[in-house]
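Please find the structures below.
Next, two complexes with chain A in common: one pairs it with chain B, the other with chain C.
Let's turn to the complex of A and B:
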């Protein structure tokens, strides 16, 4: 550590810094200045034309391999992904990067840092494409409750739309069907429920269009057949919008007393708010 | 369907909080070397100091069980982390000392976490912050703000070139808001004009990272995460932009930008975080495999969920974890809605599942305790008015006394003209 401080104080960016910083990162990847120092050293060697020469047997591609090996051992570290992002941004080349993030998803399919990096990659290289959509389909096929994959799907489908522009109707329709299939398989899975509500809003489709779909999981008049608290939640909104206060109250009371009692205070708060539709704290945009 | 609607008749007596065991845990953490698992926190030693000191403070034992000499030495250590150009380092580990120059200053930076944790720990230890480079620190804050309104953790580039860090999330907005709130003090308390951060822009960034389900992620498009959601809500609170401003006295002032974009949906998302325990592992998986298998979503809760041990998860379909009790309860408390939670079953989750036999709290049942989860577990109990603990302030994650002490300091008051 004191050697590193001496090197930093002198702004020494010679090749030996690569070995020194690698050793420190290996010990403590959360060291918050060593990564930046290493990046600047690599840039300085690159500018001088020294990377990949006899003098410096190190290249950007070896650096990316090395970073991946560190990432595998320190899944919770975010500086690693920041470093990777700086390099790939500098190289302006995303080749192989999707495969590398997928290798990390095999270890933890919900790693927040890896998803953040993946979204940066998609934005930076405009990869809102079929391959990206297929990744989410595949990952949801492996784990239909993977909320990170649901979130990424929304990002891929709608993330490239300019502000205020409506998505194509057939895309909205396709995504509604995709979420409905997931709900059919796992009616008590919160992820596709959040997703379908968001798709409806994005496509400007009324929530009421879900009424019969929800009622097949949670018929308010037949509590013994109820399979989904989320369906009851959505139905309470649909009934409220339609002015059917009695049914909306029934749905919320079923949630409070029987189907989601841990949130009974919340469901009863929602019940008191029926008919008002006014948010507690309003926002200015 | 089987309906354990009334589990109360069969449930055991209410768990008690083991105060002595927790006090021993914190004194051990403060006075002895931490285990090697903390090596990776070497550059964040001020945060470790905060977790230890703050926890004893929450327990009301800081003044009784530590000596004046110990507290004075900790205060002196924290001031050694202070940066001559404003702010605090995360630890003395980067200090270039005499060698510090304009050319190498970015390798010895003050950081937002180092500054926040140092200030709040100094207050807990009874310091009045008069040795803090107040004006320099306040001048440093706006230099960390980016054009999109977010904040960098520290300076990573020379002479005002755009910052090289890609780390961009609301944690640093929260820390900047907290440091600004602590040090700016009342309007008119500074003797000179000191440039401020662009609060409107900061609020716009926070509003822009709302995810499609009402929670907040790290960046626009990111998945909702309870830690980031807390940072957004607490930052708005510390900027005094969470709730509507009072009725304007002048019709010419532009409307302030404030609030969550969709508060009802955020509340919905927050209350959905309370979840039962993930089912125990089957015989075929060992306990350690079970604990590391975070990539597999937990099975859906039995329906209806058992009403006894419901902690909080940080994202949909993740396991409940001690620290999220704090992030979620504090968020709802700031929105004045913490009564919507089931406090009793969260208490049972913490005291009967994640509290550790040597004191402190683990991340989840069976995990060894660590200072972050142990501190946040305690503060979340304090927010729910656990008996025998000091009341806590949600935005600062500290006892109310810390806030009150700060607000009473003379340098923070408006200067009178006489």
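Let's turn to the complex of A and C:
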């Protein structure tokens, strides 16, 4: 380390820096200073036309492979994925990057850094395409509760829309159906419930259109047949909007006392807000 | 105390105000001024709650039912997520249903946290390590929560942190390392805490000497220039030049600027050199990080996450009054719904994301959001009745306390994510801050003409600080129950949160995560320091 400090002080960007930084990163991949210096060294060698020559056998492609091998052993790390992002941005080429992130998803399907990198990749290279949507369908097929995959799906479907532009009706329809199928399979899964509400909002479709769908899971009048606390939550909003305070109250009380007791204070707070045209906490979207 | 100041629940007709025991520096409330005894709320609800409280803390068979069984509704379709969740819920259920509730093992935690301070950060943690200031901050702050005096570490903190200052401004995570926003943040917090303790029992003049030794060597001008270089065109910040962008960097930058006393003049920059006001666009940037779920992500389009949610909520409240900021820059109803869904039963603790497992560190990241949300929802006045209402706790403080005491205490000291995982310094600090959030009521004091609290919140001399609102937070040892003067609901206090005083931890500043009062002392020092220049 003290050797590297001397190297950095001399602003030395010669090939030996690659070996030196690799050794330190191998011991501590959170060492952001070393990552930064390594990237600047690579850039300097690239500018001098030295990468991939006899003098420097190293190439960007080997660098990306090496980074991947570090990533496999250190899943919770900010620096690795940022380094990768800098390189791929510099190369302006996303070839192989989807496969590399998917290899990481096989190790941890909810890895925050990898998903964030994937979102950057999609945005940077405008990959809002069928392949990207298919990835989320596949991953949700493997685990319908993978909220990271739901998040990515929302991004892929709606992320390319300019601000304020409404999505196509058939897209909204398709996503509502997708979420409904997931709910049928797992009515107590919070992800598709949040998703369907967000899709409705995005498509400017009223929540009330979900009333009979929700009632099939959670008939307020027959508590023993209730299968989903999330359906109760949505129903309380629908009933409140419709002015049926008694039913809304019933739904919230069932949540507070029976189906979601750890959140009792929240459900009671919601009950106190019922019927108020100006909610205590006003929402500005 | 003037006559209109009465505890909540008393029958004042007009300006009914909530009054809390004076505890600005974390002093103990005496039985005489403990307003928890004063509630005269509506009978039935009161009685029901009293019984619940009884049930919560006493005999074996009275552990709340939610901790004793799996949720009523579990889907049959099994996936990796549900398998993990079920396994953890079953494992935790055995721990969380313990009775009597274990005490906070103060002494063993203190030993654990003293380790790195006594073993010498200077030798073992140099070289490869890139998080020295973090380890300092986590241990020092956690020790104050446990009631330890950390003033004796002030000189050590100064001498260990000084070499981390970079010649171009800012601090690195170790000697000879380049700057990092998180390192800068941790350095500032550590010094704010150790100086506060070192100075607190001294006469005024000597107090200022301590602050001069602790802070005057920081090159504020260069630090500001360095922070400028991390600013992004989208309004946010990077963790360093060439580093990644996320709301954590934004939060750490704001905390640093607030605690190092930068004012509007300093932050507006020099247009002649092409500089723009440093805080331009940061609020809108935070706003864009709210996701379709209602929660908040590390950056636009990422997944909603408790850690980043805290960074944004605290970031917003650093720059304004909570109600205004949170309702202007967030869809607050949807945020609250997402935040509330982070608390699980039977576990009692918080998860950081939808369909993920509980983890003790979210006691701070999620638990810390609640104080800010409640402050935003509280105190709404209507023209007809100029009195304040309180929404009360919107979460289960007791369930979190139960999770912390039964699941997060390592058998040989230190606090942890969950049973079966080793304790560490990070979790020790953030589990304890979460415990403090559950035990105390943190609120924003919006009484402009209240000079009783003077100092920090009175109009600053000279240029205004954009962070002045951050210095108006107070704490109470008692937590108000919901009240609504419009319908005569009286409120009163939540009882039984701290059944044994031995379990009580210190009070923290809800935005800075340092002992409450440390921020005010530091602010006075900067005023003096800048006045003298």
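Here is the rule we use: the second predicted complex is superposed on the first by the 276 of 285 C-alpha atoms of A that agree within 3 Å, B and C clash if a C-alpha of one lies under 4 Å from a C-alpha of the other, contacts with A are read in each partner's own complex, and residues count from 1 in each chain.
Please note the rule applied: a contact is a pair of C-beta atoms (placed from the backbone, for glycine too) under 8 Å apart; a residue touches a chain by one contact, two chains touch by 3 or more.
Note that the structure is predicted; figures quoted are calculated from it, not measured.
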- Message: Looking at the superposed three-chain arrangement on chain A, would you call chain B and chain C a clash or a fit?
- Response: clash
- Message: For A:154, using the defined touch cut-off, is the partner it touches chain B, chain C, both, or neither? Pick first, second, both or neither.
- Response: both
- Task: Once the structures are superposed on A, label A:11 by its partner contacts, choosing first (chain B), second (chain C), both or neither.
- Result: first
- Does chain B (first) or chain C (second) touch A:185, or do both, or does neither? second
- Message: Per the contact definition in the header, classify A:119: touching chain B only (first), chain C only (second), both, or neither.
- Response: both
- In the overlay, answer first, second, both or neither for which of chain B and chain C A:24 touches. second
- Task: Applying the touch criterion given at the start, work out whether A:39 contacts chain B, chain C, both or neither, answering first, second, both or neither.
- Result: both
- Message: After the superposition on A, what does A:272 contact: first (chain B), second (chain C), both or neither?
- Response: second
- Query: Touch check for A:259: first (chain B), second (chain C), both, or neither?
  - Reply: both
- Which residues would you name on chain A as touching chain B in one complex and chain C in the other? 1, 5, 8, 27-28, 30-33, 36, 39, 78, 82, 85-86, 109-110, 112, 115-116, 119, 123, 143, 145-148, 151, 154-155, 159, 186, 188-191, 194-195, 198, 202, 227, 229, 258-266, 269, 279-285
- Item | chain B partner contacts - residues on chain A that touch it in the complex | 1, 5-6, 8-11, 27-33, 36-37, 39, 74, 77-79, 82, 85-86, 89, 105, 107-110, 112, 115-116, 119-120, 123, 143, 145-148, 151-152, 154-155, 159, 186, 188-191, 194-195, 197-198, 201-202, 224, 227, 229, 257-266, 269, 279-285
- chain B residues touching chain A - in the complex, by the definition given at the top: 1, 3, 5, 39-44, 90, 93-96, 99-101, 103-104, 106-109, 111, 153-154, 156, 164-167, 207, 211-213, 217-219, 221-225, 242-244, 255-264, 267, 271-272, 274-276, 294-298, 300-301, 303-305, 307, 310, 315-318, 335, 337, 339-342, 345
- Query: Can you list the residues on chain C that touch chain A in the complex?
  - Reply: 64-66, 71-75, 77, 79-82, 127-131, 172-173, 176-178, 180, 239-240, 242-244, 291-294, 298-299, 301-305, 327-328, 330-334, 336-338, 340-341, 343-345, 348, 353-356, 376-377, 380, 389, 391-396, 399, 482, 484
- Note on the structure: Listed in rising order, the residues of chain A that touch chain C in the complex are 1-2, 5, 8, 24, 27-28, 30-33, 36, 39-40, 78, 81-82, 85-86, 109-110, 112, 115-116, 119, 123, 142-148, 151, 154-155, 158-159, 185-191, 194-195, 198, 202, 226-229, 233, 258-266, 268-269, 272, 279-285
